[in-house]
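Take this structure, written in structure tokens, and hold onto it; I'll ask about it next.
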Amino acid sequence: MWLSDEFPRDLRILRERRPLVHHFMNFVVMNDAANVTLAIGASPIMAHAREEVEELASKANALYINIGTLDEYWVESMIIAGKAANRNNVPVLLDPVGAGATRYRTETVKRILSEVEVSVVKGNGGEMLSLAGITGGVKGVDSVASANLDTAVKVAEEYGVTAVVTGPWDYVSNGKRGVVVKNGTPLLQYVTGSGCMVGSVIASFMAINRDFVKASVEGLVAFEIAAEKAEVRSKAPGTFKQYLIDELYNLTGDDYVKMAKVEVVQ
Amino acid sequence: MWLSDEFPRDLRILRERRPLVHHFMNFVVMNDAANVTLAIGASPIMAHAREEVEELASKANALYINIGTLDEYWVESMIIAGKAANRNNVPVLLDPVGAGATRYRTETVKRILSEVEVSVVKGNGGEMLSLAGITGGVKGVDSVASANLDTAVKVAEEYGVTAVVTGPWDYVSNGKRGVVVKNGTPLLQYVTGSGCMVGSVIASFMAINRDFVKASVEGLVAFEIAAEKAEVRSKAPGTFKQYLIDELYNLTGDDYVKMAKVEVVQ
Amino acid sequence: MWLSDEFPRDLRILRERRPLVHHFMNFVVMNDAANVTLAIGASPIMAHAREEVEELASKANALYINIGTLDEYWVESMIIAGKAANRNNVPVLLDPVGAGATRYRTETVKRILSEVEVSVVKGNGGEMLSLAGITGGVKGVDSVASANLDTAVKVAEEYGVTAVVTGPWDYVSNGKRGVVVKNGTPLLQYVTGSGCMVGSVIASFMAINRDFVKASVEGLVAFEIAAEKAEVRSKAPGTFKQYLIDELYNLTGDDYVKMAKVEVVQ
């Protein structure tokens, strides 16, 4: 399996270094995102004040901008932090939550992408289709369209990023290399912010691995293997979410070797 | 049992349509409210920015305004969204969290009720007594008074709404019809925002059923039957809350037929 | 064991009176903090609007200011509330989350301490070292330094407060009396905001016990005994957190007598 040697090593490095991941996380998912970040082995900080985001983003090992409950104040702070991250070579992950659902979200995502150098953009099918210029795939923050590797390639090329399209299968592309991840469970759709949480895990790997296609795949597989193991313990979303955090905490390199379903397609 | 035929059908319709419920939810309960909304079968979106709430509330299938952690910015956005919902025939649920506890909350609730056409007002005993003009029944956001059907009737008539008074027994009235719901468990008092969460379930039913007395009863019973089933699995609030979400997700029309304790009293 | 007679009585008083604890809690931990407050037996309210914090803090039985996700608006409200608490003899707990991590946090903590009469300051090792004038002990909101009783004594004397330094062992000092608490489990480091949650429990005891060294020890031991009991049920952080809330709810005076590890050292 691709990354069978690298994943166990990177997971170990992550847990040794405990990198600092500065989050702009939406209010709905802040707690889960912080717990997921701790469970995989990194150190989260949530902060949005203009007075400190430049300083924090400069010191962080990765910056994760999630626009889920955006407003004007937060967007300004996200851009200040993003620029500070860029100046300090801190990689940036953008989650364009609800892009395509309102004009404000679509415009904010484009504004961030034009003002900040983003390393990875991760969204669901509808959001990524919207970024690729295809509308009508979102209802609120839930995707009602399916995207594919072409969508990832198009977003990657258009914005010069590594693009991650989540869904039943996940597609990762930087325009040159493409990967499909087939792990996961439909139950994740019944846990609010599961897509936001996987972003925290990807950002944690970005903090220690500058090959962003690999870091994205590592984050996706780690989260989704944990979800598969959690689903064995519960098939209902309340308890499933707690087991998912447990399983992330207990995840080993060996789990990757045994359970990862990854295809390099380009 | 009243609604024995309609509840199973409405639950099925809800899960087929997955209606969009735009929430202004307090920061404390956002995550649980979103997960409860997904578990019953609807699609939640939390959004508060002036730049997008008009657009979102217009597209939503129901709007839920909960003032639990209000401030000036949020209140202005709630009113913009409420007016947009009214223009687009989107039903509005108002949860007057802490009405009577501070002047600001009491005044904000009255302002929303005067500027927005609200379909359902749902609060605990102290809050609804405060709306009915009787003070002294709240301590913070917890009720220390018991209200009854008269309180619901009075609020319904005074504000032209369907009024839902939650407590050991719940009272629903639109001024013409009255219903008492006797499901639930005292353990819900030890889960923060359980009253806010039941609002998410009522709003989900309002999105597919414009008989708001029935939608309110359907939401109350669904949530409280799930709570009764959860309590069988745990009698302590940490695990109980997770089982409650599980049981909402697993709820069937048959559960209503077997477990609902509903009396039509008017 | 010290407090073997007083703890059971104070826990009973707490659950009888259900004191109101006004929280300025960070967005990440609001839900857990509210549930922990309910589980120990008090009544939480989260509120930050300028229009109501003076009124609420005046009526509350304790005020808990946690700066975890601070910004300018919130800081102004914290100070308004703190002054109102002071005028009404309501005890104030300050959690200086991330002090030392950014200039803004360090300055805000000093500003609050100069404008508000704080009864208890509770922080992790890095934060409390920063308050004692020793920098370099924090990474984001996580402590990477170990402090000790000297740190607590120094903060207590410098600011005229009861100081609580949390960590593998916890140190409490008001400058005259010192106590070490040796309960707890390292698993708490994998639950985001576990330090913030223990603050809610301490504030709940402060609401009924004006000996703040004792109230601090009571809160620490209650939370950490619950954590020890939870760890018996799960050694992974997702389910552990739920069991922790369960065990706080089920805590008895007898648990203190059997399990407390408290040393009076001054």
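Order of writing sets the chain letters: A, B and C. Residues in each chain are counted from 1.
Heads up, the rule we're going with is that a residue touches a chain if its C-beta (ideal position, glycine included) is under 8 Å from a C-beta of that chain, and two chains touch if they have at least 3 such contacts.
The structure presented is a predicted model; accordingly, all values stated were derived computationally and were not measured.
Comparing the contact residues of chain B and chain C by number shows a mostly separate set, under half of all numbers used being common to the two copies.
The two copies, chain A and chain B, are related by a rotation of 120°, based on C-alpha atoms and rounded to the nearest 5. Work out the mean CA point of chain B and of chain C, and you get 33 Å between them. Of all residues in chain A, those that touch two or more other chains are 27, 31, 241-242.
Chain A contributes residues 18, 20, 22, 27, 30-31, 34-35, 38-39, 43-52, 55-56, 60, 73, 241-247, 249-250 to its touches with chain C in the complex. By the touch criterion stated above, chain B contacts chain C in their complex at residues 26-29, 31-32, 68-72, 98, 101-105, 139-142, 189-193, 234, 236-239, 241-242.
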